[in-house]
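Order of writing sets the labels: A, B, C, D, E and F. Residues in every chain begin at 1.
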């Protein structure tokens, strides 16, 4: 179904396999999900994506669960079916309750609606919302 | 700049003005921002949008600040300039620090990147990410 | 502000000017709007776009006003500011009333909202909605 | 396939079931489509979405069939597969002929094309298209 | 799975069949892919789309392989699954190597990321990037 | 106009200034464009974005000019005004002629149109376009 075959462990290059192993260690699971197996055709892209993801999704000023919910929001707006599935699963694994999921969806839907209304109206930005008013 | 004129208080209908007044009361400010003034041409749409926004953005299983950041994420993915401005301002007013803003942007950028990679690869969804595996 | 200069009549090639003249004749106005003036750098693309637009927007099974409102809907969902402005103006010129504009925006906003909810839920398509059920 | 299980009548809460029953009555069918069954996990969101949809899609200044075609246009631009299917089916049920469907698609395609051209050219909006010229 | 049945040769009108035959001749294959079979319900739209595609994708200032990769980039950004599949296949048939595919995906991902960052920051366009500085 | 002030050299942190200096050296210009000045509020995000951009846009299996045109294509489809401007300028600086620009726009427009038609038709992917036929 993909535009490239998914690579199993025995088909991946040594560089790709090294990333698979890091994923297994960090996530404490044997399972490597399809995204990484499809990226494995380009080990440098696989490595760069994994390295950056680790940094971005680590605990910081925002909690990892909040980051996963933001990821779901962006993926939904971009219409990425795979990403909605994988990050909803990740958010759930990190503690998202059904109530939180429902509110997340409600905010996403509300934002999509008012985004559309504003775009249809072409409402100009209020001066007070600008960091550098002209 | 808009596709409709922005309505001042003196131009708005009684129904629209009633919504303006509720916005002022709830937000404890005299200022009614341009979105509501452009929506005021259709008082029923103005009323429905305001009523629903109040419910969706109220404290619940998710904190109002988290909801504003999700709103920024969706608005960014949808490319709504007005909405990015207004909800970044709202998130800041509710306590978003520069560090939180930076991490929010980093997650949005990361999600946009992997959304694009997954779509370019057409990676199939892993069975384990589905609520109803077939 | 554009990525190419807008071409005035005196700067346009003979081929581009011929399209400008057809626009003037069909629309019974001297005014040629900026879209065509920015496209005029590539007279073949200008010609192909104009020829196709004439066919697509002509009266047929759908009324030209309905077609303009559909154009506004797509342009809003795609976030094209210029197009929202120009086709809202065109729809108004063809008879769109403020009431129709308000309902158009309400449907656009509703669709954007349920599009987002469905994508967030990843709801599978009902068999009965498919032309070729498997 | 969804991120939540679809709820059958026997699994839905009383509040969700009440919405299902209203859908059955208004549409004069026993069938409740998957969108509502996936939304049923959050009865308040289900209720709010259904109440608003009824108002927005009711006959008004625009005919229900026209509203369904606008819904298809937005859903197509947003890439919502489920929504394209369900609202194409709804438009067909309300009288959309194959000729109307063909013209709808032609306008959607034309708009997508010129949206892209305008965005690539970054054409500035003509003063005359603005409700509030500066 | 489509919103219209795919038309086989025996179901297509004479006008649609004539386009199928041109596709076979130009591509030197008996195979007519599903896009054309779904468009065949509207022979005029089928004809117009085919005629334009031939012109746009022909060798010119840009090589056909480059054009296919640009097509993949746009289709990915627009989230069109069918189009990503068909144009990745076409690019491969025209000589895209795995290394080129990897770099194409890396650029698409990078662009998606910085598009999102710029939109989140609402960075104003530098004067020097404008063809018509004001 | 941005959601954060643009930082001049005297306002940027030492870490941000170091990136500005690398940009100046690599591009052989004193000018640092607004994107980097708005990102400078988060020096780690600035650094990560710059490091990755250098790698992705370097000569490889694809020529830097081709990469810039792909960047323009994605930015156009995503509706990022700033990015369309900056990468059209970069492509022009790297040798994109007006003829190439015209063909780039024509392909972008064609892809947007057929993306929309396919999505409206919900055409299923041909088995032969899949790397892993099921």
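The definition used in the following text is that a residue touches a chain if its C-beta (ideal position, glycine included) is under 8 Å from a C-beta of that chain, and two chains touch if they have at least 3 such contacts.
Note that the structure is predicted; figures quoted are calculated from it, not measured.
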From the options C-F, A-B or A-F, the pair that copies D-E, where over half of the contact pairs coincide: C-F
Distance-maximising chain from chain F - centres being C-alpha averages: D
Remotest chain, chain A as reference, centres from CA atoms: C
Rotation angle (°) superposing Cα atoms of chain E on chain F, nearest 5: 180
Interface residue identity across copies chain D, chain F - same or different by half: same
Rounded Å distance, chain C centre to chain E centre (Cα mean): 20
Centroid spacing, where centroids are CA-atom means, of chain A and chain D in whole angstrom: 26
Shared-contact residues (touching 2 or more other chains) in chain E: 1-4, 6, 45, 49, 52, 74, 76-81, 84-85, 88-89, 102, 104-106, 108-117, 119-122, 124-125, 130, 132
Arrangement of touching chains [line / ring / star / complete / other]: complete
Contact footprint of chain D on chain E as seen in their complex: 3-4, 41-42, 44-45, 49, 74, 78-80, 132
Of chain B, residues touching chain A in the complex: 1-4, 6, 31, 33-35, 38-39, 45, 49, 52-53, 56-57, 60-62, 66-67, 69-71, 73-78, 80-83, 85-89, 97, 99-100, 102-104, 106-108, 110-115, 117-126, 128-130
Chain C - residues contacting chain B, complex: 79, 84-85, 88-89, 98, 101-102, 105-106, 109, 116, 124
Touching residues on chain B, where the partner in the complex is chain E: 72, 76-77, 79, 81, 84-85, 88, 104-105, 108-117, 119-122
Parts of chain B lying in touch with chain D, wherever the complex brings them together: 1-6, 48, 52, 55, 125, 130-132, 134
